[in-house]
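Both complexes shown next keep subunit A, but they swap its partner, so subunit B is in the first and subunit C is in the second.
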Partner chain A sequence: MLTVQHLTSGYGSAKILNGVNLDLGSKEVVAILGRNGVGKTTLLKTVMGIVATQSGTTELKGQNITKLPTHDIAKAGIGYVPQGRGIFDKLSVKENLRMGLRSRPDGSDEIPEYIYEKFPILLERSGQLAGTLSGGQKQQLAISRALCGDPKLLLLDEPSEGIQPNIVQEIGSFVRELVERRDISVLIVEQNLELIGLAADRFEIMVKGELVHRGLTSELNNEEMLKEYLSV
Partner chain B sequence: MTTTILNTTPGQITRKQKLGPASIIAIGIILALLILPAFVQGYTLTSYRDVLLFALFALSLDLFWGKTGILSFGHATFFGLGAYGMAIMSIHFSIDPAIVSLVGLLAGVGMAALVALIVGYFILYGGVRGAYFTIVTLALTLIANHVAVGWPSVTGGDSGLIGVPPFSILGWSFADPISSYYLALIVLGACLLSSMWVMSGRLGLILTAIQDDEIKVQTLGYKTPLLLLMTFAASAAMAALAGGLYAAGNGFVAPDMIALLLSTEVIIWVAVGGSGTLVGAVIGTAIVWWLQQKISSINASAWPIVIGTFFILLVLVFPKGPAAFVLDKVKKLRRDKEDDR
Partner chain C sequence: MEALIPFSLNALTLISILLMVSMGMAIIFGLMNVINLAHGEFITIGAFTLVVVQGLGGNFWLALIAAPIVGYIIGLALEKALIARIYENPLHAILVTWGLSLILQQVIQLIFGASPQSITGPFPGSIDILGVAYPAYRLFLIAFALATFAATILVFKKTKFGLDLRASIQSSEMASVMGVNPDKINARAFASGAALAALAGVLLAPLTAVTAYMGINYLARSFFVVLVGGAGSISGVAAGSGLIGSLETALSYEIPTTVAQALVLALAIVILRFRPQGILPA
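Up next is the complex of A and B:
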């Protein structure tokens, strides 16, 4: 689905990614773990074309998307949910969802039914300004908006940040459900091990802009490894 | 803040729907202006006509500034291009009188749209936003003004060009005050209602989202620079339309129609009405014009001081415009009262 090879990028002369290699299969959920500031968010932004790639390649289903502008990457089939959710506060819930329809390959302008079935609150609060939602509701809206574009690959940046535990579980099982039912692959940057345990098949650990360790989600109870790579 | 978030119930805070208060106000204003010539005639009516054209100019700025959040400090460039296009075509070329006004108007509007597309392409696609965009457009007015003053063989230099014929089309002339007033009103009404209609749809939605965060809009698959460029060009064309009709209405052009002062004034008209509302630009223009009449009749030199002071206040105290400033204060007062209870 997504193949990243020797990817380097950064801001100006500051290099953040130092050659990332990643292979994400179809219907696979991979979590990226790592301490703050190692480049996890930058990896997602580089895949999305928000941060320019300096060298290396990114391929989506065999199509080279390395040099495409952000809007074309979105249309190629990647849905992106940025850190801090990135919903549009000044638009209503429904308008936020409508904004997500643009990159649909079928050009439909209907918000998919299954989204409202999964998160009925979004239908209930359809006309309400998105800025007035709670943190968990905003996250549901942000993920739903990305799904409105019918993506093949979903990039999630810290979906658990600042939301209550039961919503974390809900989002974790929803990601799993998406993969099973809608043939979506998910790349998720996350610190919350519970969410990773619920949603991901495997994980990769990032240190200083490189992916240095990988494993199956079941190996995440290995205290020693967690200590080595993740504890501050 | 937290209390208001927790207390929201479905539908409590909603965005205005298609035929909201703004549309009703707009239609009301247009209807009221339709019967104005029953009460006002002659020269006074022609000054009302000019206010309508300035309101159209203000509307054009609000279409870009109010909807994208990016301030153009160079809108007089486009108004001036419209005015000069009309004047140069009708004075320097011997065009069939039946179509000269139309050719002049198209030339002015076309030039303005072209300049907006070219300049806008380089700065908007180059990622220039915010204050830098404002400065570039400000420089554009200065350049345009220099050209207008420094090219007397074409533009008439400092004294401008006199003898622009009244607007006419295929023998229909809009020379007398009443018909030229209605021409201005119809053009303003059509532009106002169509702008409001377009902005109530998907484009308005996307532009509001761009104000929030342009990158995030791109990640949803939108070519944001293209949308901004198209809005900028449409706004410039509308400004030129106002300028062209103004030149035809008054029979002359002068360099102060393409000058920094006019760029500043139009910002104030929009700000007074509240930017982003479209109909507010029309109301703001009328209010400022009325104030100008009152203050200038007391002391002719007082007006520049008043408008200058207002501009400083606008930047420092109420960047969203006086109307929004007062509304915010009222909201805050109400909230404080609730907190006390």
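Up next is the complex of A and C:
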């Protein structure tokens, strides 16, 4: 699905990613773990074309998307939910979802039925300004908006940030459901081990802009490994 | 009471003019953060479209249709050739659009000469309003400006382009994550702003001296309307035009117009000191 090879990127002369290699299969959920500032968010932004790639390649289903502008990467089939969610606060809930439709390959103008079935609050609050939603509702909106584009790959940056534990669980099981039912792969940057346990098949650990350790989610109870890579 | 009617109509005329000349600037400034110092020249281009159309034997209405098209095309060409390269740096944008403004003024003057052009408006007479005779053309201008304002709001709220535009004004990065091409939106928005200014130029022409420099009069005022009203917000333009237009009209009754204009701009600065985001920000 997604193949990243020797990817480097950064801001100006400051290099953040130092040669990332990553292979994400179809219907696979991979979590990226790591301390703050190691480059997890930059990896997602580089894949999305928001931060320019300096060297290396990114392929989506065999298509080289390394040099594409962000809007074409979205159309190639990647949905991105950034840290802080990137909701258009001054647009209504429905208008946010309609923006999500822009990248659909089939050009449909209809918000997919299953989204309102899963999150009925988005239909109830349809005409309300998105900025007035609670943190959890905004996260539901942000993920739903990304799904409106019918992506093959979903990039989630810290979806658990600032939301209640029960919604964290709901999002975790929803990610699983998406993979099973809608044939989507997910790359997720996350600190919350509970969410990773619920949603991910495996994890990769990032240190100083490189992925240095990988494992199955079941290995996440290995205290020593967690201590080595994640404790402050 | 009798005096109140012409006063309100005069204020409404000025508010309508400010609305017309500021809407385009609000879109361009709100979306791209570009202070377009050549905005006034698109007003001039609109007025000269009327001159050309009437010179060729056409009438005012034909010019009213032609001017926004001419403005859109010239705006689109200039955006692609110049403006698209300078979004990154607001200071460059100021210098480039200022230079563009000077060049456009000189080109227009070279082609048409320095003396004011003669044009004819569509309604020469007056209309009786509650016992007060008021120029029919001004009443038309008020109605037309309100209709254009309503149409612009409809485009903003109801069309795909309007939604893309509002989303891009809030976050250009997230709009492109959604699949919106920022270059296309910027080009169309800049050209639409130019088209609105050109339309304003046709409407203004019968009320003012049509020269290559006529746009300058409106540049600073439309800029203040946008800042006081709130950048990137169409309802903010209405608030800004309403405030600046009615104040200027009221003050002009007692003191010379130029002093009134200066006072209003000073007041605008005071308002921005206490409410830097404007009255109704996007």
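By definition in this document, the second predicted complex is superposed on the first by the 232 of 232 C-alpha atoms of A that agree within 3 Å, B and C clash if a C-alpha of one lies under 4 Å from a C-alpha of the other, contacts with A are read in each partner's own complex, and residues count from 1 in each chain.
We take it that a residue touches a chain if its C-beta (ideal position, glycine included) is under 8 Å from a C-beta of that chain, and two chains touch if they have at least 3 such contacts.
Nothing here was measured: the structure is a model prediction, and the numbers come from that model.
Trainee: Once subunit A from each complex is brought into register, does subunit C clash with subunit B or fit beside it?
Mentor: With subunit A aligned, subunit B runs into subunit C, so clash.
Trainee: Thinking of the overlay built on chain A, is A:91 touched by subunit B (first), by subunit C (second), by both, or by neither?
Mentor: Touch status of A:91: both partners.
Trainee: Subunit A residues in contact: does subunit B have more, or subunit C?
Mentor: So, of the two partners, B touches more residues of subunit A.
Trainee: After the superposition on A, what does A:149 contact: first (subunit B), second (subunit C), both or neither?
Mentor: The answer is both, since A:149 touches subunit B and subunit C.
Trainee: Touching A:75, do we find subunit B (first), subunit C (second), both, or neither?
Mentor: both
Trainee: Tell me which partner A:25 touches in the superposition: subunit B (first), subunit C (second), both or neither.
Mentor: neither
Trainee: Have a look at where A:100 lands relative to subunit B and subunit C in the superposition and call it first, second, both or neither.
Mentor: both
Trainee: So, does A:215 touch the first partner subunit B, the second partner subunit C, both, or neither?
Mentor: Neither partner.
Trainee: Return first, second, both or neither, reflecting whether A:124 touches subunit B, subunit C, both chains, or no partner chain.
Mentor: First partner only, subunit B.
Trainee: Using the superposition on chain A as set up above, list the residues of subunit A that contact both subunit B and subunit C.
Mentor: 48, 50, 69-71, 74-75, 80, 82, 86, 88-91, 95, 98-100, 102-103, 145, 149
Trainee: Note which residues of subunit B are touching subunit A in the complex, please.
Mentor: 4-6, 8, 10-15, 202, 205-206, 208-209, 211-213, 215-224
Trainee: Looking at the complex, which residues from subunit A come into contact with subunit B?
Mentor: For this pair, the touching residues of subunit A are 48, 50, 69-72, 74-75, 80, 82, 86, 88-92, 95, 98-100, 102-103, 124-129, 132-134, 145, 149.
Trainee: Residues of subunit C touching subunit A in their complex?
Mentor: 163-164, 166-167, 170-171, 173-182, 282
Trainee: What residues of subunit A sit close enough to touch subunit C in their complex?
Mentor: Residues of subunit A touching subunit C: 48, 50, 69-71, 74-75, 80, 82, 86, 88-91, 95, 98-100, 102-103, 145, 149.
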